[in-house]
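Here the chain labels run A, B, C, D and E in written order, and each chain numbers its own residues starting at 1.
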């Protein structure tokens, strides 16, 4: 049996009645789901074209939808082909090591008595979702709708987790921008904006399908599931607001960063000038006593030299105090 | 009795008829509210899961709504579960000490003959709202709708107060930006923008529920209450406009701040250059009279040295006047 | 009689039939307006709560609307309370002395046979509007609608005047930004943006009520008045476009101002550097002839000193010409 | 006959049947247009109030529309007064001498059997439009609608021409911004943005009337003309997109201009520093050999002086090469 | 036969039955397409006005549509003239040599039994599209709708390819902006933004026609083709999101570029100042020992000169270390 079918089973009244089906058995399996409320859940992971073709044939899927499910890299969307719904969602997760948001894809074919989940990428596993769902037989009796809800709920919970991580990153950037240290935060802000843009692409187009499920007006999705999808939809709206909020916050942080660079440059310039001032004034004094006039009384004084040095020290000290008071040093 | 039930009572024709109920009595209490127009108002504060479960059971609330009310951190929203309305509002208050806007949350379950308010956080107490309402028995005869109005009215009044405080902060920032002093306002502007973004998250999503109440088209909210909610809705629109207005003003102030930094840097640079000029010119003069030519008549003059010093002073004075006139010093 | 009632009269077929009523007579006055088409116009200015209460009672106004009319600081809005329309408009005028836009408020209660205008602030007087209207009896026969039109028309004409003044201010700023002089325009641009934001708050929300009047679909406003309100609505749209246009122009002007600061700084820097160059090169020459080598032929030359000075002058002149040609001086 | 009536004629089946009417004949002229399909076209240019009043009376125009046509400075708009349409369009043309966009105004009163065009400003002449139209009798048989189409088509073609000129200007600015020369483009960009804003005020509000004509749903405009107005509407959409496109391009160009200023400043600063370095290092060497120690062997060398000079030249050459290699000179 | 007719044929049940028709035969050819489902596909490339006129006459096309097809430079649009659909799409392709996006135009006249494709520009050839389509006879049986789909699908695939190339360019810019090298990326960012704006003009207006085809509500486009157009529409939405995403990313990259310039300038300034410091301090020491006091013990020391030189070296070394530690060198 190919590893591509991660798990597949027939459910009756919320319970698994047939287990771990081989691909060749898929044809017969639909016949096993013969009582009202029975349904098959086939879970695929990165299937080959041939494997998908088998499933397509067994469940009478539309070739365009199958092509989409195979190619991945779709936008989140909900489409109806005859009696079958086709739903694409993007899963997101956060990789701590490089502050990056990664994207997976889950495609679902939803019929009256079957659901096929096609997963791409490594991060969006549905194993625990299935286990949790099987533990709540009552929910599973709602059929494929329950599976769709469970997957969407899990994916959107993943969004919230990603947003929390990004929020922490933004907090760090904020601290760094306003720290006294000389930091170059623009690369980090840029990267975060890019990650947020990636999250946006997953989150925003999913709102419309969820809103439609929540309205209870999508044939094939159980009416009773509406309040649950309203919950998912709510969370999604919250995620969308966080995406917008973080993005705007980063823009503001970037502007503040620019201002900080300017302020720092200004301070550096004044420090430099003060430093130069501390050297050129005694140089002038040395220049004066380096003049070759025949009649310069100081040159003949026994303490002329210490007097000149004292003059230099005095001028430097005076300038120093003055610069300190004016906040230039 | 748990401290979590802050106050709960049965009202008949606008008057409290049963007082301070223990949680165990909640079951019976609904039976006391047996005449038309009677209703129970249960006020909870940061309840435990178990306590909410009791209330859920007594009043037949929807588990998803109860979960939301327990978790808090919801977006403001209005939802219908069967005969019960579920309304979430965010309260805001301003903490003067650190110029911060803080957020609380009030969840309301509104039925025909009951209202349950679930409050989170410290700032959004409803005690005085209840007292004021009890003082106006006529209003209370409208039942739960009157309580919803009283709470929303109070919350939105709180928004207006927060906006006034933020407006003062923006005025201060504005004064600081255009003051002659060297101020670094970007951190303050950033913080204010953040606070305003937080206020926005509370204010904006509440507009839709209030608009719906004002239209009188929400079953469970008394038709007669519509003009009152229209009033709340009006105030909310005003708050929303202030939020947008302050945000834009801060953006403009930030740009002006950037310009001020540039102008200051320009002025500093010219001052510095003038200062350097005042030193290098006499240094050149000293250099000239430090040359070792055999035939330099000035060196032999009796007053050569004072002459050179005078030349230096003259050049410095001349430059000083010139720089002053050109606005460089 | 209280000074708060600026003017009040009963009109029949466009003519005043009862004059300057005392507040105590307001009750009887409605009875005087007994023929079809008769109406009362009561004009109040900054009334006390008690005075408004009298009017509220006599004309059966809604307490919430009366509260709004008393508090002022409302957003422009149109509301219906039973048979009475409540309209709030903001008047604007321009104070030349400090380039400021000031705001007044006019509230109107419009019934079938009465109109009550409640004015706040000093700038929005309605005296001349009433006089002009009384001069056109035919228009007045349309009843309260004619008064509403006259007031709105006058207010919107005021907006146009304010916009013209602001346009002049923006032209001045523009000239200043691109002048060769060193100007600091950011404060002025900021202030203008603030004034424009204030105008926006008066103008934008009024568009919806005027559009509704223009559509002729507001009960209580005469159908025949629709083309006139369409005219007001048109002018308002023009004002709204000017508000947006000026705001964007100021943003562009601000950006140009920032660029000018940068360009100026660049020029200053190059001038300063050229100036420094003009001093350090002769200083180097002086340094060379200040060296103490035994065998330096120039030092023995009879014309060595003039030669050195000439060298200095030459180098300065050469640099001067070079800097001039490169545009650095 | 007043010069204000540029041309007026009665048309029957696409042919002029009565020519160059005097204003006094306008009354009779409508009677001449007695066959179905006949219509009068009166063309006015900057008419006086009295002249417009005559026309108003003869054709039963609405006083508000006549006032608008007299005042000019209207926004483009389409309004219905009874059986008469009132259309205002803005003509634009480009004045090469000062890169400016100028604005004219054409008002049209459109009845079943007449059209009155009122033109303001010098640039929007309709002479050739009338001549071209008269050359296509078949089109003219459609009556006033054909005239409206001809005028709008001509005006929108004018917009396209203006856009082409502005596009060239933007190309020039672009070349200038990225040229190696030190250019100050912000004033030019500002002016172009202002001209584009003026074009926008003419173009954008015209889209709605054209869309309505194109939909064929405006009584008084012939159904058969719909595809022609769709063509105009298409061109207008293209103009609107060009307006937006050029505006955004200029914003981007402005940002690039700011970056160029910064880069230039940076390069200047490095050149200046390198220049200073080339002077101060030999000055230090001269300073060293200007020290007065008794035991300085070099001072006694026969070739000490040339040696010192060589040292200076060497250091300058070394620095020069180093600066060149680092890209500082 | 003119080269302008690239290919034209009659199709019956998905097969070519008449081949490579001469223009003169076009009239008869429609008669050959006499069975239900037959259709003619005429492919033109940059036709002359006369050639188009022949086609116009043979197929009864609307003159306005033919004018548009001749002029090219239309916006993408879908229009109905009687029974004929007129569709304009823009093809895009990427020219690697100069990182430019180029634009072609394809106009289509779609009737029940014919489709005429008019192609402008060199990049948008339809040869392979026709060949691929002919290889799938089943698809071709859907008639002209199949051709429209094939062309649109190919064009939108071209958009995706262009977007991928632009994405690579943006990645390169990004790398360049954050590289340590001194790069001037603003010109490149500007060019890319311009190319993206050009792509936007092709992509955005096409979405509405594709959405309408996908809804199956356009008469003349086969109902069965709806899911296929939904696929095209999906890809187009993806392209539109990429256009927006890249544009925003470039804006952010530009801001980061500005920040990098500032940071670099700051670093340069500090390096320069440190360099100057390294020279002026030993110059001061040399100045001190160049003073002419009679009593300066060091001048008489045997090792005075080496001592002074050591002092200079020491001060330079000390400063060097200090600057290195502070990150100024």
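Simple rule for what comes next: contacts are C-beta pairs under 8 Å (C-beta built on N, C-alpha and C of every residue); 3 or more make two chains touch, one makes a residue touch a chain.
Note that the coordinates shown come from a computational prediction; the quantities given were computed from them, not determined experimentally.
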Contact steps required, at the very least, to link subunit B with subunit D come to 2
Copy-to-copy rotation (subunit D on subunit E, CA atoms, range 0 to 180, rounded to a multiple of 5 degrees) logged as 70
Between the Cα centroids of subunit B and subunit C the separation in whole angstrom comes to 27
Between the Cα centroids of subunit A and subunit D the separation in whole angstrom comes to 43
Flagged in subunit C as touching 2+ other chains are 258, 262, 265, 269, 276, 280, 283, 287, 290-292, 296
Contact graph of the chains (line, ring, star, complete, other): ring
Seen from subunit E, its contact residues with subunit A in the complex are 174, 178, 227-228, 230-231, 234, 237-238, 241, 245, 248-249, 252-253, 255-256, 258-260, 262-263, 265-266, 269-270, 273, 276-277, 280-281, 283-284, 287-288, 290-296, 327
Per the touch rule, the subunit C residues reaching subunit B in their complex are 62, 64, 68, 74-75, 77, 79, 81, 182, 184, 186-187, 189-190, 193-194, 197, 201, 254, 257-258, 261-262, 264-265, 268-269, 272, 275-276, 279-280, 282-283, 286-287, 289-292, 296, 298-305, 308-309, 312
